[in-house]
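These notes open a run of structures that come right after.
One chain, subunit A, links the two complexes that follow: it is found with subunit B in the first and with subunit C in the second.
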Partner chain A sequence: MLTLQLLANGLALGAAYALCALGFVLVLNATGAVNFTQGDMVMAGGFAAIATAAMLAPLWPGAVPGLVVLPVVTAGMAVLGVIFSLFAYFPLKSRPPVATIISTIALGIVFQNAANAIWGPEPRAAPPLLDASLVRFGELAIPKQSLAVIVVAAALIAGQHLLFSRTPLGRKMRATAQDRTMAAAIGIDVNAMIALTFALATALAGAAGALLSNTFFVTPSDGTNYIVKAYIAVTIGGWGSIAGAVAGALLIALFEVIFPALPLIVPALFGSDALGWLFSQTAASILLYAVVLAILFFRPQGLFGELVQRRA
Partner chain B sequence: MSTPILRLDGLSASYGQIAALHEATIEVRADEAVALLGANGAGKSTTMKTIMGLLKPVAGRIEFDGRDLSGVATFRRARLGIAYCPEGRRVFPGMTVRENLEVASNTDGAGTHRRVAALFEMFPVLAQREKALGWQLSGGQQQMLAIGRALMSAPRLLLLDEPSLGLSPLLTNEVLDRVRAIVGGGTAILLAEQNVGKALAVCHRAYVLQVGRVVRQGAAAELARSDDIRAAFLGA
Partner chain C sequence: MPVRTARLPVVALAAACAFAAAGPVKAQDVNVPILVPITGFLSIEGTSQRNGALLAVKNAPAGLKITAEVADTGVAPEVAVNALERALGRGKVQAVAASMLGTQMLAMLPVALENKVPLVTVSGTAQITEMNNPYVFRFFPGDDVTKVAHVKYAVEELGKKRVALIYQTTAYGQSGRTFILKNLEKMGLKPVFEEALETSVRDMSPVLGKAKAANPDVVLLHLHGPSTGLVIKQAAAMNLGLPIVAGSAMHQPHTAHLMEPAELKGVCAETSASPVSGGSPELDGFLAAYRKEFNAEPDGFALGQYDAVSMVLAAAAKGAKTAADVQKALATTTYKGLAMTYKSDGKGNMAHSAMIICYDGASRIPKIVKRYENITGVL
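Moving on to the complex of A and B:
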């Protein structure tokens, strides 16, 4: 029973990580540069959800549900993504990718300090998507928020997949990500596609922030944690692989939730308190980074790396 | 004889300090295939890239259908009706054959479907490999896909850069044999090609480039008979 509850929590956390990692890899493919602000966009989404709930409160009888807040936050974050690209990417697009990487780090610091100035350093929580109750399946009780997060994140990821695989716009965005020069040569407005990619990536990060900030709260410095998780997810899943980023994010979250709880799940194996230190959050983090190093060493293309090649 | 659809007037281009094209004046009419001949480094690909807006000219003028292309972005040149099939093919490696074609279409769903069907008829091997990813195709198949992708916008001018590069003589013939059919379909062609004999056989006129300068021009049949061209390019 405990395992299933942990699994639900891990999937909810992983689904939100996946949204962040997905946006990270979309921008990486479209621009060739790492967007280090992606984690701060998750943080911004969390605070945007809190601010939006406060703004809508006078118009809404009772507590504003997160499900109403989420579309507003996602749309607003998409606009922020386009504005962000106008400052962080387009002025530097003809420079080496490292210039964009540095500009995203700089703007991330601006975002963190702006959030600190506006909301302060204390943790805050956005409203739950529906409510804070539990859903019971026999003896199993799972927070409705966790289930809602899984469903909403899965819908957003499926929506992104459908956009890219079934629509002309999505195909143009993929073509831009694969070869910007040839995309332009067949009539695609590459700058528009890249701006749209930033919009989509930032919207997904904002949605992740709105989904996470109820259960895990939000503080101005949270972005660093999320960008590290996104980076690890993309490394595990395969640099540039969209499906790999989602799978990597789920694996990280399940590991973070389940590993520290192993003594509770299988007490017979880990009955001794002497091993308690091994299953702390700190040890889990150390082990996670060690696994990433091992993957980089033994399988640099990641666990699900795309074997895309060019023939001569 | 029709009016020129493309006119290069004293066009010069360079890569940094290295000049690659000197005051080239070239015309392509709407109903013809024109060959650009020359050895490696003669300026053929530079001419193509400059026409497409991928390289900024340092002097001269490019006119397409009477319109000056100065300052016109690459994607807008494509939308005006210029298609580019580059050296090295550059198909989208992670997209299927059908997706590579569909993404280049500039018409609605039904029109796109019709154009894909027409291209599958022109290149039957693409129909057989419809669901294969770009990187999974052989060099010849990629070349056919690159040409097919360029034709998906029903362009008025096709810039075809070294289509025979890396292909066997048999596949080269298969690809270049399509040139006259494409022109017959209403698309003029500017063909950069090192296979001079074949290029002169399928094109109406030709320009010969040497170290970035146009040194000879004329009807393809005339040039094919010319002693100096035969000696320089055809090993005769």
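Moving on to the complex of A and C:
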């Protein structure tokens, strides 16, 4: 029972991480550069959810549910993504990828300070998607928010997959990501596709922020934590691999939640101080980064093994 | 007595004539730069410091012409040192309201010593008052004071013996842990469970599950604000069923606002002060003025810095004209502030009291349930 409860918590956290990592890899594929602002976009999505809920409050009887807020935030963040690309990518697209990387770092700092100036440094919580109650399955009690996060994130990931695999627009975006020069040669508006990719990536990050900020709060400096998670997820899954990014994010979250809880799942591990430390949150963190290092050494293409061109 | 009363108007009139003959009285210049972290990871506390200091300037005794320029020190020690050197370079400074970030204070202390200018702060870092520097004054109780209240309340008032301790991996968390263990040991106790959390940990269910499995009768927290909020919120969601006595981060109003009042039921915390709880006409006045001035809720850091700057200004009003005069006043006099009575222990530790607040589940405003006065015996 406890294992299922922890699994649900881990999946909810991992699903939100996956949205962030997915956007990260989409921009990586489309531009060849790492977008270090992706974590700050998660933070921005959290604050956007809080601001949207406040704006809608006079029009809504009772508390505004996050399910109403989420589409507004996602759409707004998509627009922000296009604007972001106009500053961070397009003026620098003919320069080496490192210029774009630096510009995303700079704009990330701008976002952090802007959020600090607008909302202040205090942690805040966005509204839950439905409500804050628990869903009970016999003795198992899971927060409705966790289940809602899993369902919404899964729907968004599936939607992204369908867009890329089943629609002409998605095929154009994939073609652009695979080879910009060839895509342009066959008449695809490459700039429009890249702008759309930024929109999609930022919308996914915004959705992640709206989903995470109820249970885990949001502060202006949260972006750093999320970008590290996205980076590790993509490293584990394989640079450029969309499925790998999702799988990597889920693995990180399950590792964060399940590994420190192993003594609860296997009671024989509970007891001695040494074992207690081995399964502490600190040890879990050390082990996670050790695993990432091992992957870099022994399987640099990541678990999903997609070979891509060298990127900055 | 009647004779003295009758003479008062005459004396006042004579004094007024004397002042009129001498021309307008020149207000005494006082320069108290406010160098605090307004951006970065300590921006919440730094903003409280700034607000408290500015309010003290606004409520300063009559007859003072005060300059109190604010500079953001961020989180880097060199930025704080640059800000201090710039402030000192602009003219005579009587005292500095200085950053609560320990690493910045440690970097600023040699500059303060060289220029013989007192720094008044609410930094909790124990080391700053262990450097034999007579120019540092801390208006916030350190862990050696607050953790006595923390542990005593859990053990003596709640009657709990099986303690689960959850603390942060940061310097703040480690320091709190050391003093909690020391105080538990004095009572012949040892935690039945303890674990450190990084500030990036989001899901608290593993640590709460393990804590509960160790069969404690109370959970002590020594965490930063967001982690405190996450633990308490998730403990309520999983129906932990154990009393929680948190560290001082819980008393900050923004931490309480992360949770519904019902989620706070039965949660207590140690703190130096809880301005939102009121308790005296002076504190109520401070609370109203703070809300009006900054449209925000004050915390213990704001009140501590308010008291610190108020003590500096009171010294100036009593004739302290130079930094040396102010330093002497801070080092040797007793000051009754709004949060508590302050007196240096000879090292610059001015605060010696703490309190316990508890939430009733109906409101986010805590009630003061226990005061621990003069824990160090300095007063």
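Worth pointing out:
The criterion applied here is as follows: the second predicted complex is superposed on the first by the 303 of 312 C-alpha atoms of A that agree within 3 Å, B and C clash if a C-alpha of one lies under 4 Å from a C-alpha of the other, contacts with A are read in each partner's own complex, and residues count from 1 in each chain.
Just so it is clear, a contact is a pair of C-beta atoms (placed from the backbone, for glycine too) under 8 Å apart; a residue touches a chain by one contact, two chains touch by 3 or more.
No experiment lies behind these values; they were computed from the predicted model shown.
In the superposition on chain A, A:91 makes contact with neither subunit B nor subunit C. With both structures placed on the common chain, the touch criterion links A:6 to subunit C but leaves subunit B unconnected.
When both complexes are overlaid on chain A, the residue A:186 reaches subunit B alone and has no touch with subunit C. Shared-chain residue A:71: touches no atom of subunit B or subunit C. Contacts of A:263 after superposition on the shared chain: subunit C is touched, whereas subunit B is not. Using the contact criterion defined above for the overlaid structures, shared-chain residue A:300 touches neither subunit B nor subunit C, since it reaches no partner.
Put subunit B and subunit C next to each other and count what each touches on subunit A; the higher total goes to C. Shared interface residues of subunit A, touching subunit B in one complex and subunit C in the other, do not exist.
Residues 39-41, 43-44, 47, 169, 193, 195-198, 200-203, 205-207, 209-210, 213, 225-226, 229-230, 233, 237-239, 254-255, 257-258, 260 of subunit C are the ones that touch subunit A when the two sit in their complex. Touching subunit A in their complex are the following residues of subunit B: 52, 54, 73-75, 78-79, 83-84, 86, 90, 92-95, 99, 102-106, 133, 135, 137-139, 142, 149-150, 152-153, 166. Residue ranges on subunit A touching subunit B, taken from their complex, read 168, 171-172, 174-175, 178-179, 181-190, 306, 308-312. Against subunit C, the residues of subunit A that register as touching in their complex are 2, 5-6, 9-10, 13, 113, 116, 120-125, 132, 134, 141, 143, 212, 215-217, 219, 221, 225, 256-258, 260-261, 263-264, 270, 276, 279-282, 285.
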